[in-house]
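Below are structures written as structure tokens.
One chain, chain A, links the two complexes that follow: it is found with chain B in the first and with chain C in the second.
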Partner chain A sequence: MRYTLSKVGLLLLTLWAAVTLNFLLPRLMPGSPADAAIAKLAQNGPVSPSTRAAIEAQLGVPTGSAWDQYLQYLNNVVHFDFGVSYTFFPQSVASLVATALPWTLVLVGFVTIVAFIFGTLLGVLAAWKRGSWLDTLPTVGGTFASAFPYFWTALLLLFFLGYVAGWFPTSGAYSSSATPDFSVAFLLDALYHSILPATTILITSLGGWILGMRSTMINTLGDDYVTFAEANGLHPRTVAIRYAARNAILPNLTSFGLALGGVVGGSLLVERVFNYPGVGYLLYTAVVNQDFPLMQALFLIITISVLLANFIVDILYGILDPRTRR
Partner chain B sequence: MTPTRTIIPPTSIVKTMSPGDHAGTANPLRVLWRAFATIWSVPKARIGVAMLGVFVLVAIFAPLLAPYAATDNSFGRSEDMSAAHWLGTTAAGQDVLSQLIYGARVSVFVGFVAGLLSTIIAVLIGLSWGYLRGFAGEVINFIVNLFLVIPALPLMIVIAAYLQNGGIGMIVLVVVITGWAWGARVLRSQTQSLRSRDFVTAAIFSGESPSRIVFREILPNMTSLIVGSFFGASTAAILAEAGLEFLGLGDSTTVSWGTMLFWAQNSNALLTGQWVLLFAPGLCISLLATSMSLINFGVDGLSNPRLREGAKR
Partner chain C sequence: MSLVSVQGLFVVYEPQGALPVPAVRNVSFDLEQGDFVGLVGESGSGKSTLGFALTGLSKPPARVSAGSILFDGVDIAGMTPAQLRVQRHGGFAMVLQSGMNALNPVRSIRDHFFDIFTAHGHVSKRDREARAIELVGKVELPASVLDRFSGELSGGMRQRVSIALALSLEPRLMVFDEPTTALDVLVQHAVMDTIRELQKSEKFTAVLISHDLGMVLEVTERVMVMHDGLVVEDALAAEILAAPQHPYTRMLLSHYGDPRAAVVEVPGLAARGGDRATDVAVAAAGNAPVTVTGDTLDTLEPVAAPAAPPASTVRRREGRAAREAIVVTNVSKIYQRPSRGEEPVCAVNNVSFTLEPGASMALVGASGSGKSTIAKLITGVERPTSGSITFGDLQIDTIKRRQLKRLHTEVQMVFQDPYAALNPLHTVEYILTRPILNFSRLRGRDARARVLELLETVGLTPVEQFAARLPHQLSGGQRQRVVIARALASDPQVIIADEPVSMLDVSLRAGVLALLDSLRETWGVSMLYITHDLLSARLVTDQIMVLNSGAVVEEGRTADVLQNPQDEYTIRLLEAIPHPTVGGLVQS
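Let's turn to the complex of A and B:
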């Protein structure tokens, strides 16, 4: 209980820090984002004083003290009020984020869990059969594949399997003729469109799990209780799985949270390549169009998602390892 | 080793007990040579060193190696491979091979500079933080964990979007801001475990100043971790630089592997079937990043002789 409470406290503190960083970022930058945004709007025609005031209010051009602005900003964040997008005017930023978020959550969440399971299994195998081809192939392949830039893997798969072979759709998350609902036909269509992006993330993130699990597993294989189990004449497979692997998974789980940030970052690039309508593609659109309110909100949402995932892993760790609860 | 002496002055205890210090302050070149030989003795690392060496040489001698100037756009557009253009030409009429060769300069430069700066910050923060105790340590702990957990690429994208059209300098800055925390954490935990060792206690009793203890006694024992975090940070920097440029967040007129892929996607090289244009720059990025990961296999032996290849426990 104390463990959970301290983790909740840490989560709240980290959330506050992330929200504050999001408040400070545009204010620390040279020049004024509001000026840049107004200059962009002015290309289409004269900017009325009321529009100007609205933009300045959104981007935090000083009206009142910094402290008042900060309180106002915190109030807006708590109410999910992130203002109006420039690019998709008059849609609110909150509704745009709400449409994009499920695509990324399902894609990244599902692939990460699959990669974690497969990577851990391959890592166990590599450590157990150390020195054989079962070790060399995943280790060398994993090292090489984790050095692939996400967007490059995506471009290659898109080119060879999408354009040349024509096996998979080349863009979007569902056919342009389909309307999003929960019918079987639509879900199958969405699944079909997600295969290439999912494979890209899987290929690039699998190596890290293999290497991480392999090295912790090799450490546990050297521990005394493993030697003791071997001396007792237990079957090598029992020793490897019930004794060594079970204890090696925990340290690997801690790196799960930290690796997640990298996977999320990579998936942003993957979404750009496949025009996948998730958070990453929206962020790209926001950046290209200098849509600062949308960009700030997306950064905040992405950060909060990663923080929450880390929190879940921490709580899970506490349940799996009784020592942490003391 | 001085087993015959009976009375050992504290300073020489320190010297004999810190394993990384065997070369002493003798000759920097000899120290470097020994470090190189240690890494070279590991087969995987040897391949990595050779690969990295090729990339560095290509970057340095790019003007001699490239058949044309990188920005020369006087050739036919989107040409296939030919004797005149081994890898074809881009949609803007530039020679792909020349761009590839000149592109090595940006990646190698960003990798080394950003890796070095991140490592310097990581060493300064990691070591002093590991040596400090109390409230200050807790505050740094929170800040470092925050930087670790905030997804780096989105943060880089946001900062780069505010600092519009910055060149390579901006990219290095953004990569360093987001890249130092990992090394700092690894170095801190090692500092914490080393500070309770006998040779540190001996140094404290012999009246050495905290900064001297941290940087002259503890630091040499962490050579492998520091070199390791340098290569780790460089790899991350190279991948991040390519990613940012691919999104068009750098200066898109710079010739680098990232901008080559940016132009390839934006000129629809996918539709014209110019697979080399997509394949070659990404392969170079991956190979450069792989070479550094491979070198890291050999780095473990630097400050712990027992981990060197061939040395049995």
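Let's turn to the complex of A and C:
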């Protein structure tokens, strides 16, 4: 209990630090969004003071002391008020993020978890049946598949299964004719669209989990408590799962936390390739269009997701490893 | 019919891509119900391999290649793993060497018991809690231990738990593989007592595997001595003690001694006269300043040290004998616990002593007594919480980073584990060249000459061959000699040896100890010898300090203290040493 509380405290503290940094960074940078816009216009000729005033009025210029701005900012963050997007004017940043986030979380997040579970199981099997085909096949296959660059696998799948065979749609998260709701037809449509991006992520990340789990599992299989469990005549399955795998998974949880934290921020490439309307695609759009409010909100979301993922893994550790509870 | 009958057993190691190595060769013996048999040998003798084969635990690359192991008339050597598994209840159990690690760190002790009960189904769900409590009670642990995880238990408690777990199988044969080696001296004694009592009360057949012939002779009725895969001697303990037949057994026996005896010696290490009231080795080294550390200065008879190179080959250091004393005054070291609310640990409590130039002093105590912390404080690795440590004009307790190099030129460490102290990727020459370049002005050919000189000093000849070797090509004793040579590279005045022989086989110990001793005689270095082994302390030191929980409980001349211990803790340490025949071995 004390362990959980201390982890919650740590989470709140880092959250506050992240939010504050997110507030400070744009203000520490030279110039302002308005300056950037004016500089762009100035390339085509002099900018009149009235144009400047109009742009500043549109973007908003901070008023009040830094402290007041900070409090205002905190208040806005608590109410999910991140202002208005430049690119998708007049839509609010919050609504844009709210639309994009579920797509990313469901697609990338779900596939990351599935890849971890599946890869870990295969790794356990490979180590337990070391030297047999159950070992060779996943190990060699995993190494081979994860050696491909992410986008290249994606392009291969798109080309062969999308264009050539025409089995799967090549872009988007759902058919252009469908309207997002929770009907069975729409969900099936979304699932159909997610198969190619999901497969890409699975192919490229599975190998890492297999290899990681296999090597830690081989180490724990050599540990004395495994030998002792065998000497005591425990059932081989009990030895493999409760004694060896249960301990071997612990170091891999850290990598799992990193992978989970990277879900929101790391989805850019796959969503760009598949035109998938998630956070990564939104971030790409924001950066290309210099949409500062959108960017700032997305950075905050990415930071928070990393913090939350680490928090979850910390709690998992507390449950799985009695040594961390003390 | 015998409970166990081993006939013509061969076990080979078949590593992939390498030639098979026989580990156990043509071993035959019988064990009767209720026997308590010792299996003794040095590392690599095949004793553990045999123990694993006896309990059906041989795993690749080890393989039983010939012969049979009849357990209650059934050959277990040819059984499949599934058949073996069923045999383990009411059959054979094993307690591993490192009982510390024999428990799953993420399962509670209770789960360990329940796993075994579930696997064999010999204890019903209703009775299993009571049975687990009964079993931990047998190894003198409270029932509350069942709620714990292995990380929360001490080494001795963990080993007791694994004994209880093995016992829960209701075995007829129990194999104990070095059950107390990883434990602290005093705990070793207590755990061994428990094993003995259990063997009497539960009446299982027991095989005690150990490198420690002294302990085995004390505990068991019958002893098998293994050497190089062969059982070279198999006789009653009393017979082995009275008239060992095989030269190897005689060699092993000769390395035992009672540190309390009036005269203590082992082959390669002559006795330090128990009555000699001095320990001025520097005088023997020649032109060094004569320093008296004892009360009187007698003429020393030169101590023969056959394992060390002849004195003529060792270049004596001209005027480089130890000149300065290490003075430790009222030193304490308190470690703050990482988490709040826990009491800080006082590792060293108000310790004062002086290591005179050229003297040899032992620092003894059980683990946790603070002896290694003192080594860290003297070498400037850690700072004392209070008190002062000086070496000549160096104030070690407040030493600056820049002065550390000067300190380390004069004060060098020899570490406990020669297997971990050498970088496996570098040759001996490279390992020895580094400190020479760091600490001296010798370069190029001169540095190489110095490397060869050091190797000669520590008795690794032919020196050219040894210089080119990698650590894994050396035996444990040879590695420890390299470690010692490395410590000598800076031409230090003081050597701090932290359990330098505890990882070595008995037969190698004397050689390394003799080397350390001879260095002191011929080079005039002072030595602080840290150990829990009172016999070796008696052999190589003149002064002794006994530490308990960070405080000095007794100090004086080694021979006096060990012959007439005053403090209860010293007495307990002495009593924990196995003594098959109190003092009887020493005279042989």
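Following the convention adopted for this analysis, the second predicted complex is superposed on the first by the 256 of 326 C-alpha atoms of A that agree within 3 Å, B and C clash if a C-alpha of one lies under 4 Å from a C-alpha of the other, contacts with A are read in each partner's own complex, and residues count from 1 in each chain.
Criterion: contacts are C-beta pairs under 8 Å (C-beta built on N, C-alpha and C of every residue); 3 or more make two chains touch, one makes a residue touch a chain.
Treat the numbers as computed from the prediction; the structure is a model and nothing was measured.
Asks: Is A:283 touching the first partner chain B, the second partner chain C, both, or neither of them?
Replies: The first partner, chain B, only.
Asks: Please indicate which partner A:242 is in contact with in the superposed arrangement: first for chain B, second for chain C, both, or neither.
Replies: So A:242 only meets chain C here.
Asks: A:320 contacts which: chain B (first), chain C (second), both, neither?
Replies: second
Asks: Just chain B (first), just chain C (second), both, or neither: which does A:228 touch?
Replies: Second partner only, chain C.
Asks: Check the contacts made with chain A and report whether chain B or chain C touches more of its residues.
Replies: B
Asks: Could you pull out which chain A residues touch chain C in their complex?
Replies: Listed in rising order, the residues of chain A that touch chain C are 223-225, 227-236, 238, 242-243, 246-247, 250, 320-323, 326.
Asks: With touch defined as at the start, can you tell me which chain C residues reach chain A in the complex?
Replies: Per the stated touch rule, the residues are 55, 57, 81, 84-89, 93-94, 96, 98, 101-108, 115-116, 118-120, 149, 151-152, 162, 165-166, 168-169, 339.
Asks: Using the touch definition from the top, list the residues of chain A that touch chain B in their complex.
Replies: Spelled out, the residues of chain A in touch with chain B are 13-14, 17-18, 21, 25-26, 29-31, 33, 36, 143-144, 146-153, 155-156, 158-160, 163-164, 170, 257-258, 260-262, 264-266, 268-269, 272-273, 283-284, 287-288, 290, 292, 295-296, 298-299, 302-303, 306-307, 310.
Asks: Quick one: which bits of chain B touch chain A in the complex? Just the residue numbers, please.
Replies: Residues 142, 145-146, 148-155, 157-159, 161-164, 235, 239, 242-243, 246-249, 261, 264-265, 270-271, 273, 275, 278-279, 281-282, 285-287, 289-290, 293-294.
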